[in-house]
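Okay, so chain A shows up in both of these, paired with chain B first and chain C after.
Let's look at the complex of A and B:
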């Protein structure tokens, strides 16, 4: 009883603490009318009004369609490399291929650290560093997505491989399978559904990431949105945003259907 | 997977999984062709002598080779960078706070079982409508990336950490809403039905039935999204939303590459510390 009370207490203290931290953070802003631009409320009104009248002229629609294809292409190419990176690094980070305790520990900590570094830096920062180093090329966006998402996926793959139930693996081991065979016939088939649904979820995120690559000067939906925003053409902005939303929703629906089929 | 094909409708013979597989292959092929042919991306030109030279120069500058007084050995720069890191932290906390408040106010009607009345044993005509509207808002806010929200919000607010926090909050509001609505949908409904059948009001059911069970999961998700927000704060800063990102952009424009290194050190430090804190707190929540 006492223990239960303490447990309950601890949870409430945590909630209270989080609320308190949030309230403290509010003091960092000087609240007042000078937070807004002089024409800020007008701009807000125009934006909301434009949402209900997006620019649907054929020229803009055509632009939006091409931009959507470009955004999708960067996301897909980036993700295809990311999955390759994640499969290789994920297996190494799971320590399943290395023999001996120290080898395993070294491989696990080394590659987990590397994956952590890859995903700690936001994809847009990666893209920017690539653009500064290599100039403006689509590969800046593709490699940025590949590295950041490779880091995310690799860590999750490693976790999923480590969480595979041990019984079937032991059965394989008893029948004399090598480490590589264990991986191919034991670990991967067991984790495949989880891995796939996670990749689909991250693919949806990659589309959003690819859309914002325009910020470093690369084409796609974000680039068009940026141009329309600087022209204060909010109605065009919403058209492009609706295309982006449609793209994301389509991928989301696809992954939902796929997950249902995989689980069933 | 059953082997009994006769029982299945003919359309499933091809199989959605197989269809998805070929669709993904097609997409990958199409995308690479598009990138290489239409956008003219040349992998080998990337490693031309000129590019390699500039890349090595950039790296040298970043590590302060031959730079007088690099920023990461300068006490004043460190002080400034740490102050910005603190501002960034404040922005992230504000953002997750706004997102969580928005989510808490909308999440109950957004749960399918609350909307169709199976949770509370009472159904009303507007439940379904409110469900669709709230879920629609979730999809809408979630599909637009933080950076684009920030680009738009900067037209309304003066540059500072508040517009950044609002942009981050809007995107994460949609994500938190979806995740937390699913928590309510997965709830064990028996205790709540018990409350309902013993005559509890809607508010009582919420306070005694729903909140105690879902709160730990909610806090887990909120902390998880906070980690993600920390990583994204730098990006909304790029468009003028304050914090580390804004200075990062300025240093890039002035070619002060040693400052970039300093900001990246602070940024990675912040991300790592936030991950550790969040992991610790999440253990406390479970």
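Let's look at the complex of A and C:
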């Protein structure tokens, strides 16, 4: 009886526990004047003020535009390779092409493991590794995105292919379709809308990622933000950030447009 | 000449765990026959059709297609020439245009390369167009399948069967998701097309009226075995009411109904 009651209230008990932990954690903060370092509040005020006066001089605008194009280029190239990797590895990780239980298990666990390895390492870390290997070239950024995002997309593609409703597939099989034909006429068309919308979402992430990655020194929006920040030029920082926001919003609009067309 | 026997079942059994779906069941169906499977839910109609389609294997007993054991039809292509199946409307790939769903009936004959090319430039377009014309959907050839109504989708599935052109057509509740008028349209079309090509038709149906109107032989299943197997003119109202009489059914059937 007691156990049943506990089971019934397990969510509430957990919630209560977490709230207590949070309250306790407040005591470990040092609520002194040192919480913000000297001048920190000032800097914060300056940053907020700069938001309303971004630096819109032609030179900075030109710089921001070039950096945006570069950021976008890394993201597009990286994602293109990522989609290619993901399609191939995703199909193999879904086990749809392998015959027999053991082959299937081997293909699924092998490629799912590989995809897991690819995405377990953050794209920034991949970028560092590639900078060491290639030097400061665009390839470092592109491969970092391609590998990490390939790992994410491949895994999701595999799941989406496995979740396709079975009836149409059965029907295709009954009309004599081979495994490759099933993939082409059954699985891919059925999963296409989901795959597309997920790729678009990840493309948006890749743009952000590509911006951040250029902190390493690869050029692009992140690099410019980094430089302006070291110079304490908050008005320039905001100009670059606004360009980044614009990029992401544009991609979002594009993906909405594409999805509407897919669904109609 | 006496038509050849095309589907032969001898003492077939099939269980799902504890549940007996088919207790020993024997049947012979000749080429060109139109057979309706009727009976209460859980009587084993779908299981029987799935065995005919080689989607599932029987636990015991013999099953022959055209006098050859079914397991000896090893390739999907061989089997697709013999047996085709139509179910409720959700067995089409809905995001694809109609033409691809129709031409899917040819996939067994096509190699991978041809089907790849056809995905972009549809091959054998005239075959698809002719089939769609016969089911009255010639103008929908490039439409997205999901945008068609339920009855139209079922006619697309018919067109696919026409293109596949198997000797035996299996239909599992082909019209159960349609309104009564559409249901008659589609069923009449299915029976006519099968008769024109001298194809053998085996369909499971909810509606006894439709079965009596369009089929020549009625096989009633109950509790996984043949309850009666009669030419349509010999089926009496008494035998039908007994078939569906729930009061007489054993407890087992109530459980069986869950699995239908």
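Going forward, the second predicted complex is superposed on the first by the 233 of 264 C-alpha atoms of A that agree within 3 Å, B and C clash if a C-alpha of one lies under 4 Å from a C-alpha of the other, contacts with A are read in each partner's own complex, and residues count from 1 in each chain.
To be clear about the criterion, a contact is a pair of C-beta atoms (placed from the backbone, for glycine too) under 8 Å apart; a residue touches a chain by one contact, two chains touch by 3 or more.
Since the model is a prediction, treat every value here as computed from it, not as a measurement.
Asks: So, A:124: does it touch chain B (first), chain C (second), both, or neither?
Replies: first
Asks: Of the two partners chain B and chain C, which one touches more residues belonging to chain A?
Replies: Comparing touch counts on chain A for chain B and chain C gives B.
Asks: Going by the contact rule set out at the top, does A:165 touch chain B (first), chain C (second), both, or neither?
Replies: Once the two structures are laid over each other on A, A:165 reaches chain C alone.
Asks: On the A-aligned overlay, A:11 touches which partner chain: chain B = first, chain C = second, or both, or neither?
Replies: A:11: touches chain B, not chain C.
Asks: Between chain B (first) and chain C (second), which does A:61 come into contact with in this model arrangement: first, second, both, or neither?
Replies: After superposition on chain A, A:61 lies in contact with neither partner.
Asks: Can A:249 be said to touch chain B (first), chain C (second), both, or neither?
Replies: Once the two structures are laid over each other on A, A:249 reaches chain B alone.
Asks: What is the shared patch of chain A, the residues that chain B and chain C both contact?
Replies: Touching chain B and chain C on chain A: no residues.
Asks: Going by the contact rule set out above, which residues of chain C touch chain A in the complex?
Replies: Of all residues in chain C, those touching chain A are 53, 55, 76-77, 79-81, 83-85, 87, 90-96, 100, 104-110, 112, 115-116, 119, 157, 160, 164.
Asks: Touching chain C in the complex: which residues of chain A?
Replies: Per the stated touch rule, the residues are 165, 167-168, 170-178, 180-181, 184-186, 189-190, 192-193.
Asks: Which of the residues in chain B come into contact with chain A in the complex?
Replies: The touching residues are 15-17, 20, 23, 27-28, 30-32, 34-35, 38-39, 41-43, 45-46, 51, 54-55, 58-59, 87, 90, 93-94, 96-97, 100, 139-140, 142-145, 147-148, 151-152, 155-158, 160-162, 215-216, 219, 222, 231-232, 234-235, 238-239, 248, 252, 264, 267-268, 271-272, 281, 284-285.
Asks: Which positions of chain A touch chain B when the two form their complex?
Replies: My answer: residues 10-11, 14-15, 18, 21-22, 25-26, 28-29, 34-37, 40-41, 43-44, 47, 69-70, 72-77, 80, 116-117, 120-122, 124-125, 128, 132-135, 137-139, 142, 208-209, 211-212, 215, 219, 222, 225-226, 229, 237, 241, 244-245, 248-249, 254, 257-258, 261-262.
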